[in-house]
Amino acid sequence: MDIKDFKHITDVRVRTYDVDSQGIVHNMNYLKYYETGRVEYRRNFGHNINREGIFDDGLKVVVVRNEIDYLSFAFLDDLLKVYTAVSWIKKSSFCFEQIITKENSTEIISKAKGILVNLDENNLPSPISKKFIEEITTFEIKLKILSNE
Amino acid sequence: MDIKDFKHITDVRVRTYDVDSQGIVHNMNYLKYYETGRVEYRRNFGHNINREGIFDDGLKVVVVRNEIDYLSFAFLDDLLKVYTAVSWIKKSSFCFEQIITKENSTEIISKAKGILVNLDENNLPSPISKKFIEEITTFEIKLKILSNE
Amino acid sequence: MDIKDFKHITDVRVRTYDVDSQGIVHNMNYLKYYETGRVEYRRNFGHNINREGIFDDGLKVVVVRNEIDYLSFAFLDDLLKVYTAVSWIKKSSFCFEQIITKENSTEIISKAKGILVNLDENNLPSPISKKFIEEITTFEIKLKILSNE
Amino acid sequence: MDIKDFKHITDVRVRTYDVDSQGIVHNMNYLKYYETGRVEYRRNFGHNINREGIFDDGLKVVVVRNEIDYLSFAFLDDLLKVYTAVSWIKKSSFCFEQIITKENSTEIISKAKGILVNLDENNLPSPISKKFIEEITTFEIKLKILSNE
């Protein structure tokens, strides 16, 4: 996806406890920023997350895959912009596609994909609700619906 | 210090990676919130923090003591308010006094004190600059100057 | 307490994600090391911690206060020794007293106190069990029993 | 790679601050375990990591990509086994391939690939040293040398 295809942006500040002795953000901490983007993306639809970490949108999701590319460095106190979109929805899973830039820049310093699976009460994959599909379909520009997969 | 004596407030959101299996914020993560409050407090005076973690206010500080009281629970997604003040300045050290409440509440769920020491190039205690003392004196209501200690 | 009064020691390694851009362990991460010491201390009595974070020793505890003094620096890859003891037991609470040294050194680089309260099902303070008091009394050298407080 | 192709294993314990309100290890924290495996893998060759996070093996590396698959859940206090291998070496980069199982089990609960690039003093890609290639070649079973890429 191109940067212009993202409609949701969240700001995160690089904190002292995010950078390592090389003075750059530790690779694991990008997942904090991406997680923040994912939660704020879903909050943006008017949904709330309860104390057990589950949104009131009818889904109970877990992350089954993360891919992160580190293209440039982020430093202490940088104000980062996390761009978040849903790029595809399959029968029981969907994919967050995300990029990070610095403030006042379009240079992509990191990009990521995260695949989440919807679970039923027995922690088995369960079909994504129609309501969720409708919401995302209305919002996203480049969404692929792959319900047969 | 009373809640009305604090003039600086920073918002922090409780994230999924901040809470533990009891569903409450892990005791160590309050230090993240307090650290954020301390950095934003100093930024509020117009100072910037460089890539090595040092503000451009003439000080090079390290934390030598933290005290944290946990008075109530914070839960996932709570929007917390971190109140930050400097309560005293000694010859080479000063003290952050802080409290945390939830959004739209004055109930104090945690309070903390953090003592920071200013270091010279050899990492030995070094007198706090007059500029810093003047800035804080002008800003704070309940500040004690204890320059002889 | 003196270093020779501690009977329980746990090793922890300083990891890349523990140090900040000054190359030293971030002040908040000492609470990780102290937490590890506390859990291993209790495991040492033969108790197991369940998935909700509760030991099978009849207690359900939360941390109500932490004090940490930072006396020297810890650097990346240092192998630290966390010394842990229970220094007092009151009616519904007890205190972990802890120090940290580096490998092959008796210089104390940090010390801490942590007060934990035992809770009942309604999250109200509940008396510490006799079994816990007996175990700790048998093990510790400098324990104070303050059951009336 | 198959589990029997891994020759290096590191133990890590799931700590209270690693799990989230669902009682399972937060997806970002697997990168801590994988990082620990990578550092211990390199230490196993007799190399030391200095205070700036750089090993004394002639390389100065940064992570440019991480892929993590989450296949099952890890819970509080689980003792995990992190299997680490180098699967390929290109001109200026190499790949860690890793899996995680629980103690006394061969069920893979997570697997990961991490690509690291060797940098010169100007932070530009720099050829991997012959010494590093020789060491890994001698140690690994399934290593691919792709020096032309």
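We just call them A, B, C and D in the order they show up, numbering each chain from 1.
We take it that a contact is a pair of C-beta atoms (placed from the backbone, for glycine too) under 8 Å apart; a residue touches a chain by one contact, two chains touch by 3 or more.
Treat the numbers as computed from the prediction; the structure is a model and nothing was measured.
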Chains contacting each of chain A and chain D, listed by label: B, C
Of all other chains, the one whose Cα centre sits farthest from chain B: D
Centre distance in Å when chain C and chain D are each reduced to the mean of their C-alpha atoms: 31
Whole-Å gap separating chain A and chain C, where each centre is the average of the chain's CA atoms: 36
Whole-Å gap separating chain B and chain C, where each centre is the average of the chain's CA atoms: 24
For chain D, residues contacting two or more additional chains: 16-17, 19-21, 23, 28-29, 32, 35, 51-53, 76
Residue ranges of chain D in contact with chain C within the complex: 15-17, 19, 23, 32, 35-36, 39, 48-53, 75-77
Contacting residues of chain A [partner chain C, same complex]: 16-17, 19-21, 23, 26, 28-29, 76
Of all residues in chain D, those that touch chain A in their complex: 20-22, 24, 27-29, 31-32, 35, 51-53, 62-71
